[in-house]
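See the structures that follow.
Next come two complexes, and both contain chain A; in the first it sits with chain B, in the second with chain C.
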Partner chain A sequence: MSEHIVDVGKRHIKEINEEIQDACAQGKKVRVINTLSRHNLGIGLPDGAEVSFEGSVGYYCGGLNVGATIDIERNCGWALGEGMSKGMITVGGRAGMSCGAAMIGGTIHVKGDAGPRCGVAMKGGNIVVEGKIGYQSGFMAHAGKIIALGGAGESCADALWQGEVWVAGEVESLGVDVNVVEPTAEEVAEVDKILEPIGLVDSSRDWRKMISGQRLWYFESRDASAWLMI
Partner chain B sequence: MSDNQPYEYPFDLPDEDEIRFRDAGAIEGRPAGVPSSYDEGGSARWTPEAISEVHALAQLGRYQVRGYNTFNKRLPTFDDLTFVPATMTRLPLEGYRESCDTTTVLGGGRGIVENPLELKIPIYIASMSFGALSASAKASLGYGASKVGTMTCTGEGGMLEEEREASNKLVYQMSPARYGIDLDHLRRADGLEIVVGQGAKPGTGGLLLGMKVSPRVSQMRTLPEGVDQRSTIRHPDFLGADDLAVKIEELRIATNYKVPISIKMGATRPRFDVAVAAKAGADIIVVDGAEGGTGASPELLLNHTGIPTISAIRAAREALDDCGMTGKVSLVAAGGIRSGVDAAKAIALGADAVMIGNSAMIAMGCNTPRYPEDYAKLGTSPGACHHCHTGMCPVGIATQDPELEKRMNPKAGAERVARFLTAMTMEITALAKACGKSSVHNLEVEDLRALSFEASAFTGVKMAGIDRAYDW
Partner chain C sequence: MCGIAGRILNAPGKVGNDLVELMDAQEHRGADSTGFAVYGIPRDTGYVLRGMGFDKSRMDADLEAFRAVLKEHKADMIADPRIVTDAHKHYCFRIEISDPADLAAWVRDADDLSGQIEIQSCGRSLEIIKDTGGAEEVAAKHGVREMIGTHGLGHARLATESSVLPNASHPFWARPFSDVAIVHNGQITDYFTWRDRLQRMGYRFLTENDSELIAVWVSDQMKAGLTMAQALKKSITSIDGVFTYMIATPQGIGFAKDRFAMKPLVVIDQNGELAMATEEQAVRRVFADECDVINYDGPSLTGIWGVGNQKVAA
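After this line comes the complex of A and B, so read on.
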């Protein structure tokens, strides 16, 4: 696979994305340099593409990814890989707010910490954060798993649907309507299967698995007090 | 006679019955002096409605939820405005003969997108989700709109294949909940609509009660079957207008700068909200007034939030004028538009196009006098039904029940939508021609007069007769 280098600098964002898409369409591996933390780099990248970003990127990098393997050397801004349906995104540093927002599938791997509302509204896929996830992570996650190896901030796993938040380390506080459950060996094995390809399996972890308490799923007059929590 | 002596009639007092009007002429059962208020009550605070509301809340322990639109009777309406057609100072067009252009182009003003939305009429079908409506109702709206050269919008439930097939032009909605987001759907859409609010319940997210969260709906929205879906109002990946500008750029890249991007908002502070939305980069701004319809909402929000559509349109147009964005950003008005007359008034007030929801449903058959026993089951009757939230729509439109859905023939529904849109357009052109306009878009505020002080104050439209705007 030959490599194509895209120099970002101050060029128009449309031109940059077109150059990345064209190179991917030609089956070339893409290395994006001089990124200057620009927003909207690598939007809607195609299945099978391989794109790496040198340095840091801004908002929505890898947004609406449909199957590309994306590698970000340092940090990323808000909503990394928002709405992605397939593929793999790796962040060498930290991720900003709303990492993996509303994603449907694929995997995001953040080596540092992730900001608030990590995995907000996600509909599937997995987010693995080696550091800590920020406040209100997993807010209204419909499906999928958020796995944090370095603890979680306040209001963790707030108002979940069927998404799961797995945390090793300290959880500062729980969000509304959360049940903390003891995972079964089979469930831990499933998480290990997600961690295995990125070399993060460690059998000594003390997992806290958070799922919905389902008290906010229905209007019920007999449970009006729970309802008032929101 | 001394003043200290009690006065005495120079005659005997008659019987007490005589004094109390119980003489021979009295009507049995209708005593004089007992006012009708003994039966009817008269408290302006504790009306029978207010009393039953307290009884309801005392049983439920939560607020009431329902569909349809506001029941607040204090809102000034389009009926408070009238047209003043050409007479001596200007010349009308021949209403029965001359042509009047209805072509409407939305979203092309900035010159950024490749394919602005070109509609044959200044009306399109509002964003109503699959979930709120049945799949066949969505398809009917699509075919009906296609026949007359206009479009529909997905609503928040994701793109329904039946609707994509039916609608020649389809706008894809990005709701805060982002149900079923799919890059392929974005690219197959003819426009995108980012929702930051709706007229029926500005400041609050969508609501779909469990009765309508069918297997297919739950699959499209990644929800457990049968839950009471209460959606977010805040978007997951931007907070304020500056971030929204970046988000809009992302969507332009994702769709290759091909299709326009709308921002839809509930009308609250349109004078400012519209200016901010224009600054954020929207190609089209949809302002949905307090009369806007919904499949389900907390009732208090329907009745007590937002500002009337007529006032919102003027404020929105003034905002675009002041920012120099008129012509660059299209303005669409929605909320309680029932006819071509309402639509013409909306256009005269400053809208480039209007969006209809409830009236399109009514054209399909909502509230028709059929299946009376099923209206009765809901405790309502044809013409008064507002039970979209229950999913038990007696005429098969606002339902996910396959048996009820069969009650609307989707082909007949499509034709009724097409005919209704045609009639509305005819009404708009009739008024435009009477006002001497060869294009519906030439209707202007000067063509209107207000019939009430309130309507004049809310819109800045001159009062009828005196032809002077008050300096409110």
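After this line comes the complex of A and C, so read on.
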């Protein structure tokens, strides 16, 4: 697989993304350089593509990914992999706010910390964060798993739907309508199956599994105070 | 959605140029108007005023009336006013004046002319340049890139609350406190209530813009004895709405973020030389090499950066 290098700089984003798409269509591996934290890099990348970004990228990198393997050397801004359905995104550093927002499939792996509202409204897939997940992570996640190995910030798993938030380490505080449950051995094995391909299995972890308390699924007037908390 | 930025240098330099770069990179966040607050080399006496008149055909009469008020307060212009006009009806001015006997009293009287001519900044070192248009356009019109100073703020405005005119755009001066300016990204929801309270205390607001409140609110808290750090913290529970704002004084720049942390702030700090902005791609215009970026993305955060590595009293 030959490699194609895309130089970002100050060029128009449409021109950059078209160059990336063309190279992917020709079956080339793509390396994107001089990224300068620009937004919207590598949107809607096709199944089977391999794209790596040197340095740091801005907002929405890897959004609407339909099966590409994406590697970001350092940090990314808001909403990495927003709405992605398939594929793998790896971030070497830190992920900004709303990492994996509304994603429906695939895996995001963040080696550093993730910002607030990690996995907001996600509808499937997995997010693995080796560091800490920020304030209000998992907010209204419909499905899928957020797995944090280095703790969680305030208001963790706020207003979850049917998503799950797994945290090893300290949780600063819980959000509204969250139940912390003891995971079964089978459930831990499922999480380990997600962690295994990226070499992060550790049997000594003390997991906290957070699921919805289901009180917010239907409005009951006695729960009005909990609704007002949001 | 607006874009804000700040810049601090360790020694006086081309802060205007850097602010233009920071705002040019964020022009997509709001291209209605762009504004800059530049802190130049402070003068020992006298003030620099920046402002606008609403109708350039009345300019001579406006300036004459303005000068008459100055003289009533034992001050005068100490150089010819610098005027900038273009195809728009409004004009912008820069005027240097000697010290009025009582600054607040003079500002109050000068504001009686605010239907014609309006002061948008007053300071020993502060100059606020704001106009309609994008960063490059405003910078070229007013020579912002050439402005020398130690620190400053920038703002790209997407107007949601009030008119698209230079006076309704940011940065806002904390009328009548000299050398204080703010930029704000967000919406203040209880500004009308707060503004009413402050007006009863004698403060004057010249626009319908919600952000004008913040500058005066923080300055009033400091006048009442709070440090800037205390005032910033207090604003988070006192002012309702969505905000990330930065406030600048001759000593430095402070920021505060609301309880829901919806508006971002990223900072690069290299040995006290700082660039702050809404978006990381903007600070990378100033620091192009890969370096550590601090994300202030949690809720209820405040902070202060001093100019020239000064520690600002907490």
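The definition used in the following text is that the second predicted complex is superposed on the first by the 220 of 230 C-alpha atoms of A that agree within 3 Å, B and C clash if a C-alpha of one lies under 4 Å from a C-alpha of the other, contacts with A are read in each partner's own complex, and residues count from 1 in each chain.
Here, a contact is a pair of C-beta atoms (placed from the backbone, for glycine too) under 8 Å apart; a residue touches a chain by one contact, two chains touch by 3 or more.
Keep in mind that this is a model prediction, so the values were computed, not measured.
Asker: After lining up the shared chain so the two structures overlap, which partner does A:135 touch, if you call chain B first and chain C second: first, second, both or neither?
Answerer: A:135: touches chain C, not chain B.
Asker: Between chain B (first) and chain C (second), which, if any, makes contact with A:94: first, second, both or neither?
Answerer: second
Asker: Just to be sure I read the superposition right, which of the two partners does A:116 touch: chain B = first, chain C = second, or both, or neither?
Answerer: second
Asker: Give one of first, second, both or neither to describe whether A:154 is in contact with chain B, with chain C, with both, or with none.
Answerer: Only chain C; A:154 stays clear of chain B.
Asker: After lining up the shared chain so the two structures overlap, which partner does A:39 touch, if you call chain B first and chain C second: first, second, both or neither?
Answerer: both
Asker: Give one of first, second, both or neither to describe whether A:78 is in contact with chain B, with chain C, with both, or with none.
Answerer: In the superposition, A:78 touches chain B and chain C alike.
Asker: With the two complexes superposed on chain A, say which partner A:23 touches: chain B (first), chain C (second), both, or neither.
Answerer: Neither: A:23 stays clear of chain B and chain C.
Asker: Determine, for the superposed model, which of the two partners chain B and chain C contacts more residues of chain A.
Answerer: B
Asker: Mind working out whether A:191 is in touch with chain B, chain C, both or neither, as first, second, both or neither?
Answerer: It touches nothing on chain B or chain C.
Asker: Under the contact definition given at the top, report the residues of chain A touching chain B in one complex and chain C in the other.
Answerer: After superposing on chain A, chain A residues 39, 58-59, 78 contact both chain B and chain C.
Asker: In their complex, what parts of chain A are in touch with chain C?
Answerer: 36-39, 55-56, 58-59, 74-75, 77-78, 94, 96-97, 115-116, 134-135, 153-154
Asker: In the complex of these two chains, what residues of chain C are touching chain A?
Answerer: Residues of chain C touching chain A: 261, 264, 279-281, 283-284, 288, 290, 293, 295, 297-299.
Asker: For the complex, give me every residue of chain B touching chain A.
Answerer: Per the stated touch rule, the residues are 59-62, 65, 176-184, 186, 209-210, 221-224, 227-228, 230, 232, 236-238, 243, 246-247, 249-250, 252-254, 257.
Asker: In the complex, go through chain A and note every residue touching chain B.
Answerer: Those in contact with chain B are residues 13-14, 17, 39-40, 43-44, 58-60, 63-64, 66, 78-79, 82-83, 85, 98, 101-102, 104, 117, 120-121, 123-124, 139-140, 142-143, 161-162, 216-219, 221-222, 224, 227.
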